[in-house]
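Next up: some structures, all given as C-alpha cells.
Each of the two complexes below includes chain A, the first together with chain B, the second together with chain C.
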Partner chain A sequence: MTGRLARSLILWVLLLLVPFWLPMVGGYTALASRILVYALCAMGLNLLLGFTGMMSFGQAAYFGLGGYGAGLVLVHLSGSSWLAVLAGTVLGGAAAFLLGPVVMRRRGIYFAMITVAVGQIFFFVAERWDSLTGGEDGLTGFSRQPLHFGGYVLPLSDVPFYYFVLFFFALAAGVMALVLRSPLGHSFVAIRENRRRAAFLGIHVERYVWAAFAFAGLIGGLAGALNALQNNFVSPENLYWVESGNFVIIAVLGGMRSFWGPLIGSIIFIGIQDYVSSLFPNNWESLIGVLFIIVVLFFPNGILGIIRRRAGLA
Partner chain B sequence: MSLLELKNVSRVFGKLTALEDVSLEMEEGELYAVIGPNGAGKTTLFNLISGFFPATSGEIRFDGVEVTRLSPERRVAAGLVRTFQITEIFPELSVFENIRIGVEAQLGCSAQPWPSRGLARRIDRRVEELLAITALSSQGGRRASVLTHGDQRVVEVTMALSLKPRLLLLDEPTAGMGRAETQHMVNLIRSLHQEQKLSILFIEHDMDVVFGIADRISVLNAGRVLATGTPKEIAANPRVQTAYLGEAA
Partner chain C sequence: MELVLFDAFNGLIQGTFYALMALGLSLIISLNSVINFAHGGFMVIGAYLAFTLAPYIGFWGALFAGPILAGLLGILVERVLVRRLYGRADPIYSLLLTFGLALIIENSVRSIWGAQGQPFRIPAGLDSPVSSVYFFLTGYRVFVMAAIALAAASLFAFLRFSRFGLRIRAGILDLETVSALGVNVYLLRAVNFAIGIALAGFAGVLAAGVLQLSPTMGNDVIMATFVAIVVGGIGSLLGSVLGGLIIGLAAGVTAAYYPVASDVVIYVIMAFVLIVRPRGLLGQEGLFE
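== the complex of A and B ==
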C-alpha cells in the first residue's frame, strides 16, 4: 500500500515537473500535452475496453465531437477557454449518452461494429456540413484564449497550456479512479468477468454498458476539446475510425487491465509518432504496427504489465 | 402454507418433454433433496423455479405468491436464490471481490458511483461476515481462479448467501469433489440449515450425502416425480429401487 502511494507520488511529481526535465532529455512541453490528451481519451475508452470488457471501436467520435464543440464555442460564442472545454466535454458525453441505447444491447464483435458505424456517421456529417464545420478542411479560425484570474491574465503559451491540460487530466483521472473503486466500478468489472453471473446477481448489464459508454464519451469529449485547443484546429480525421483505432492501440499497448496503462501506451505511441516520423516520415506507423503485434501476441497485459512483472508487483 | 409449491409443472423443449406434471411442496426450514438419473430433468426443474426459463404449463408459488412468470431478478429479490451445476464465479477477481459484488447487489447499490464512507464500511463488514460463515476468511485476498475446485464451489454458495436467500437452491453442490471436499460441503450445508435456519433445496448424485442429511427427498425420473418421502421411505420404495437406486448401486 505504501509502495503504491510512493509510486503515484512519483508519477504526479514527474508530471508536474515535465516542463523542467522533458527538454533536457530531448523532448518539448507541447509533446507532453499531446501525450496527456491522447492518454486521457484512451483512459476513457479503457473504462469500456479494459474494465467493462466491451470492445468499443468508436471512441474517436466523442473525441472529435469534443473538438468541434470547443472550437465552435471559440469561433461563435465566447472567448473563454474554460467554456470551450466545458462545451466539448458536455457534447461528447451527451452524444454518447444518447447513443448508448443503440449500442448497449450488442455484444462482442457486434458491439465493435455498431460503435464504428455510429462513429462514422459523425465523420460524414462533419465532412459534408461545410458551413458549420469547415468540411474536409477542418474547423479553423479560433485559437485558445488567455485565462483570466481576477485582474491577472495568463496567456496559454506552451507551458501554461501544459498545466491547463494537466489540471483536467488530474481531475478526470481522479474521478475515474474513484468510480472504479465504487460499487458502480465493481459492477463494470463483474460484467467483464462473467456477464451471465452478473446478470443473475440482479445487475442489469445493458444499463451498465450504457453508463460506461456515456462515461467514456464524456472523457473522450474532454480530451477532444483539449486537443482542439492544443492545435487551434479540428479535423474531421479526429472523428474517423482510424483515430478510434489509435486509441485502442494506445490502450492495448500500455495495458488494458491497468488504470495507467493507456498513459504508458500514449507515451510510446505519441513518442514514436513524433520522433520516428521526423526521421522516417512514412514508417512510424509500421513500427507501431509491429510493436502492437508483439504486445498482443506475447504481452496481453501490455507494456505496463511487463514493467509490473519485472518489478515483482503483479 | 408451504414455502415452495409446484402444481402440475411441465416444460417442453421442441419434441422433448423434459418435465411432465411435476408437483411438490416444500416447507419452511426443510432440507430437501431432488435425486434422479442423468437427464431426469433436475436442472430443468431448478431453471423453472429460478426463472431461467418459463414453465410451459403449471404453477409455481413461493411463500404463497405466484412467481411462475416472474423474471429471475425479481425472484432473487423475493429470496429465491440458486447456484449452478457448473461453477459460475468471477475467476480473475479475489474471493473478497466476488462476494462484494453479491453484497452490493443485495443492498441495491450496484450502480452507486459515490458511496458514503458508512456504506462502504457496511459493505465490507457484510462481506467479512459472509466469509466467516463459510470459513473462507483466510482466502479472502486470493484470486478465485487459483482456489481448489471445492473452495470455488464454496465461493459460489457464499455468493448465493450474499443475496439473503429465504430458499437456497443448490445444483449438485458436491459435483466433482473428492471425499474431504465433499465432507466439507456437507458440513457447510448442514450448518446453513441448522445455524442460519435456511430452507435448502438441493440436487445431488451422491447417495451417502442425500440419505445422510436430507429431511425429505423427491425422486425424478424421465421428467416425472417417481416418489417423495423421508429418506427411510425412499430407501424402502420398491419403484425407486428398480428405477433408480437399483441400477446406481
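== the complex of A and C ==
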C-alpha cells in the first residue's frame, strides 16, 4: 500500500514539474498538454472499455462535441475560458446521457457499431452545418482567453495552459478514481466480468452501462473542450471514427485493465506521433499503423499489463 | 422526376458496390471471425493495381488481374497477421489490427501512386449512354451492375454447389467439427479470406471507372459497408447484399430531396435498425454479442 502511495506521489510530482524537466529531455510543454488531453479522453473511454467491458468505438463524438461546445461559447457568448470548458463538458456529457438509452441494450460488436454510427451522425452534421460549425474547414475565430482571479490576470500561454489542463486532469482523475472505488464502480467491473451473473445479483445492467456511457461522454467532452482551447481550433476530424480508433488504441496500448493505462498509452502514442511525424512527414501514418499491429500481436494487455505480470512473477 | 430517377439510380450503383463489399466482409466475419477494417484499403489496392496494369494488359485483363492480385495479397496478410487473432475472443483486437493495416495501406498507396486522384480509362464502347432520355444510364454503369450481380451470383453458386464452398459454409456453422472431419481449416480460412479480399478488389476496379481513383476512396466505403452488414444482419450473406442495396438507394433518394442529409441517412437507418431489430433484417439472434 505504501508502495502504491509512493508511486502515485511520484507520478503527480512528475506531472507538476513537467515544464521544468520535459524541455531538458527534448520535449515541449504544449506536447505534454496534448498528452494529458488525449489521456483524459481515453481514461473516460476506459470506464466503458476496460472497466465495464463495453467496446465503444465512438468516443471521438463526445470529444468533438466538447470541442465545438467550448469553441462556440468563445465565438458567440463569452470570453471566459472556464465557461468554455464547462460548456464543452456539459455538451459532451448531455449528448452521451441522452444517447445512452439508444446504445445501452446492445452488446459486443453491436455496441461498437452503434456507437460508431452515432459518432458518424455527429461528424456529418458538423461537416455539413457550415453556418454554425464552419463545415469542413473547422471552427476558427476564437482563442483561449486569460483567466481572471480577482484583480489578477493570468494569460494562458503554454506553461500556464499546461497547469490549466493539469488542474482539470487531476479533478477528473480524482472523480473517476472515486467512482471506481464506489459501489457504482464495482458494479461496472461486475458487468464486465459476468454480465448475466451481475443481472442475477440485482444489478440493473443496462442502467449501469448507461451511467458508464454518460460518464465517459462527460470526460470526453471535457477533454475535447481542453483540446479546442489548446489548438484554438475545432475540426470535424475530431468527431471522425478514425479519432475514436486512436482513443481505443491509446487505452489498449497502455493497458485497459488499469486506471493509469491510458496515460501511459497517450505518452507513447502522442509522443511517437509527434516525433515520427517530424521525422517522416509522409509516412508517419504507416508507422502508427505498424504500432497498432505490434500492440495487438505482442502487447495485448498493454504496457502496464506486462509490468504487472512481471511484478506478479517476481 | 428524371432528376429523382437519376439520383435513385446513382444510389443504386453505390448500393451495388456496398453490397459487393459487404458480401466479402461478411464472408470474412463469418468464417475468420475478423472484422476487417482494412477491407476498404484492399478495395483501393485492387483499383490501383488495375490502374497500373491496364495500359499493358488492357481493361479486361486488369478487371481480372486486379482482384486476383489483391486476393493473393489477402492470403499473405491472413497467413502473417490475421491468423494470430483466431484464438482471441475479444473482437477489439481484430478491429485494432485491421485498423492499423488500413492506415498502412492508405499511406502506402499515397506514397506509391501519389495523393492526387487519377483518372481511370474505361473501354470506349462502354462510356456512351444507352438511352437518350435517361442520359445517366451509360453503358459502363449498366455493365458495372451486371458484373456485380454476376460476381455475387457466382459466389452464391460456389458456396452452394462446390465442395470447397460447402466446406466454407459448414465451417461457418461449426469450424471445430469440420476440422475434426479432416478438412484443412487453415487452408479453408486462408482461401476464404482471399475470396473476400478479391471481391473487394473487384469492387475497387469497377469503382475506379465510376468514381475517381484516390487513396482515400476506401474510407467512406468501408463505413457504409459496415452499415450495410449491420442493416442486413451480421452473419447473413444475403442480408449484406440486401443491406447494401437498401442503404445505397436510401442515400440516393435522400440526395434528390434533401442533399445535405445524404451522407448521414445511412447511419440513421442503421441506428434505427439496431434499436428496432438489433439482429438486422436477415441476421440470426445473438450472434457476435
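Note that in this section the second predicted complex is superposed on the first by the 307 of 314 C-alpha atoms of A that agree within 3 Å, B and C clash if a C-alpha of one lies under 4 Å from a C-alpha of the other, contacts with A are read in each partner's own complex, and residues count from 1 in each chain.
We adopt the following convention: a contact is a pair of C-beta atoms (placed from the backbone, for glycine too) under 8 Å apart; a residue touches a chain by one contact, two chains touch by 3 or more.
Being a predicted model, the structure only gives us computed values, none of them experimental.
J.: With both structures superposed, pick whichever of chain B and chain C touches the larger number of chain A residues.
T.: Touching more of chain A: C.
J.: Counting only touches as set out at the top, which of chain B and chain C does A:78 meet: first, second, both, neither?
T.: Once the two structures are laid over each other on A, A:78 reaches no partner at all.
J.: Just to be sure I read the superposition right, which of the two partners does A:241 touch: chain B = first, chain C = second, or both, or neither?
T.: In the superposed model, A:241 contacts chain C only, not chain B.
J.: Touch check for A:8: first (chain B), second (chain C), both, or neither?
T.: A:8: touches no partner chain.
J.: Thinking of the overlay built on chain A, is A:112 touched by chain B (first), by chain C (second), by both, or by neither?
T.: second
J.: Using the superposition on chain A described above, determine whether A:124 touches chain B (first), chain C (second), both, or neither.
T.: After superposing on A, A:124 lies in contact with chain C but is clear of chain B.
J.: For A:179, select first, second, both or neither according to whether it touches chain B, chain C, the two together, or no partner.
T.: first
J.: With both complexes overlaid on chain A, does A:203 touch chain B (first), chain C (second), both or neither?
T.: A:203 sits against chain B, while chain C stays out of touch.
J.: After the superposition on A, what does A:194 contact: first (chain B), second (chain C), both or neither?
T.: A:194 contacts chain B only, not chain C.
J.: Considering only the contact definition stated at the top, list the common interface residues of chain A for chain B and chain C.
T.: In chain A, nothing is touched by chain B and also by chain C.
J.: Under the touch definition given earlier, write down the residues of chain B that touch chain A in their complex.
T.: Contact set of chain B toward chain A: 72-73, 76-77, 88-93, 97, 100-102, 104-105, 109-115, 123, 159, 163.
J.: Give every residue of chain C touching chain A within the complex, in rising order.
T.: Against chain A, the touching part of chain C is residues 35, 81, 84-85, 88, 90-93, 95-97, 99-104, 106-108, 110-111, 223, 226-227, 230, 234, 260-261, 263-264, 267-268, 270-271, 274-275, 278, 288-289.
J.: Of all residues in chain A, which touch chain B in the complex?
T.: These residues of chain A touch chain B: 178-179, 182-187, 189-190, 193-194, 196-198, 200-204, 207-208, 211.
J.: In the complex formed with chain C, which residues of chain A make contact?
T.: 49, 55, 57, 102, 105-110, 112-114, 116-118, 120-121, 124-125, 127-128, 241, 245, 248-249, 252, 282-283, 285-286, 288-293, 295-297, 300
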